[in-house]
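Letters are used for the chains, namely A, B, C and D, taken in the order the chains are written, and counting of residues starts over at 1 for each.
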Amino acid sequence: MNYSTPSTAPEFSVSSWLNTNEDLTLVNLRGKVVVLHAFQMLCPGCTLHGIPQAKEISRVFGGNNLQVIGLHSVFEHHEVMTNKALKVFIDEYRLPFPVAVDNLHQGSKIPETMEAYEMQGTPSTVLIDHLGRVRFHHFGQISDLQMGAHIGNLLAELTASRSN
Amino acid sequence: MNYSTPSTAPEFSVSSWLNTNEDLTLVNLRGKVVVLHAFQMLCPGCTLHGIPQAKEISRVFGGNNLQVIGLHSVFEHHEVMTNKALKVFIDEYRLPFPVAVDNLHQGSKIPETMEAYEMQGTPSTVLIDHLGRVRFHHFGQISDLQMGAHIGNLLAELTASRSN
Amino acid sequence: MNYSTPSTAPEFSVSSWLNTNEDLTLVNLRGKVVVLHAFQMLCPGCTLHGIPQAKEISRVFGGNNLQVIGLHSVFEHHEVMTNKALKVFIDEYRLPFPVAVDNLHQGSKIPETMEAYEMQGTPSTVLIDHLGRVRFHHFGQISDLQMGAHIGNLLAELTASRSN
Amino acid sequence: MNYSTPSTAPEFSVSSWLNTNEDLTLVNLRGKVVVLHAFQMLCPGCTLHGIPQAKEISRVFGGNNLQVIGLHSVFEHHEVMTNKALKVFIDEYRLPFPVAVDNLHQGSKIPETMEAYEMQGTPSTVLIDHLGRVRFHHFGQISDLQMGAHIGNLLAELTASRSN
């Protein structure tokens, strides 16, 4: 695991939040490990692998130390992956975590948060440590064993920071 | 396996055909085993289990003896599971078989083919033998071993019919 | 599925039967579909794929129409894959079907039933129809969907034979 | 993850080492994370889940920072799970890590290392940190995500210790 040169995670650019009572910001999440899972609702790599893994991460590790956030980063077929459709998706797939709708600015097909994080596509998973720094970034499928190790790594740092 | 009292399969009531150059009818499919796979594009039981199984059935058995047909039977959230969205779904999930859009008549939420086959929900799989009779009907997930056996059963009858 | 030129299945050559109260013969099994699953207890392809599949076949289809038979065909490391060890294996893996110990004759490393069926290794699965003929023969892993179809095929023939 | 009251890991009591050129001791492994995987070669929970997971851990994390060690802790059927049989098992299952044969003392069915670690059965996995302390102990199956997190946790501590 190479965690060299961590950089501060860019703040989310979000047009709306779903599946949560309050808007989230990275600043307010400081002190927690954040698992940012970028997906598109009609991407099979997301529904078959990424989303089930994100749900399991939330179930096992979600709470005071870790927050999973779904990021709906639509960069194609915008006309059918609407917020209305996303709400149905969240409900049917029983997503247990907040979902941010990545903000699309005029004249671009790539939404802003996706661009800021330089994501190559969906699914993409970004791990942000308790200090708000990007520590892991992966496009595509990744094994549970490896994902678990990256998460455990950051949780250990969080624990260590509290005992200092 | 209990194949008692097979009844003639109702003809499809379809508003449009996708992923095929020609409209299909059960009458024209007589002589083949037909695997009718009813799904909704935002149903997780479909994307996670039903659709992958239907794709594998098509890959292994599809051809002169067997035809897989997808049936998009929307009975909820009609406003987001549109034909436009379905076209993206078919493309992204690389469905290798024709997809019929189940016909929705005025004043009903349940589309007509779904109603004619008395399906309880999605995913539902119906097996129709080479004589056009319903021989197996299943709502929900079913193991590959059992699905394979039902298919093998009907393929054997087809083979036997040719040698008589 | 190509079931050309079926030949009569050679009778088992067995040094002892385990996990059953009575010795089985193909002659006595006539009228049933027989799934002959050849394995070695220390073969990973067997423990990871073949044995779980054979157990599931027995659970789903075993009974008046179908009989699963395990065949311990040791062709290497004979000194450690003994009957004593096999009894422990059968117990620990909770095999629900009779297990025949393939007979090893003097001067050969390949046991007799394995040789008679011209098996290439383990796991090997042989399907024998209700008339006692070899109808399918596979070395290595095979998908549940395909295995199910082969079984369904033979069960259909059995059903047809009874209604004639 | 509760890592309270870590205690020094008891040294292995081993009758022989297999699959390695040198005997290993915990003292010499100080500075590495050690994954101790206790198994019995005829235990299905081991061959189906524990051993594949231990192999994957070794493949992904094995090296300067982490050492997987197999521990053959036979507590039943000693007469068939011999070293001779174990050698075949190691070879057939292509185990990529050293295997210690847990030492059986006179008059006991439970081997000594198993007893010292108070293992309840097989498979059992024990994680020992770079300071030689038991930090995780699990009997039975555990998900890759959770196992990965425990490993990542200890690897993070190892990394932190080097940068201090």
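Heads up, the rule we're going with is that a contact is a pair of C-beta atoms (placed from the backbone, for glycine too) under 8 Å apart; a residue touches a chain by one contact, two chains touch by 3 or more.
A quick note: this is a predicted structure, and the numbers were derived from the prediction, not measured.
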Any chain in contact with chain B as well as chain C: none
Length of the line joining the C-alpha centres of chain A and chain B, rounded to whole Å: 36
Rounded Å distance between chain B and chain D, as computed from the means of their C-alpha atoms: 49
Category of the chain touch graph - line, ring, star, complete, other: ring
Contact footprint of chain D on chain C as seen in their complex: 41-44, 47-48, 52, 77, 79-82, 84-85, 88-89, 92-94
Touching residues (chain side chain B, partner chain C) in the complex: 1, 53, 56-57, 60-61, 143-157, 160
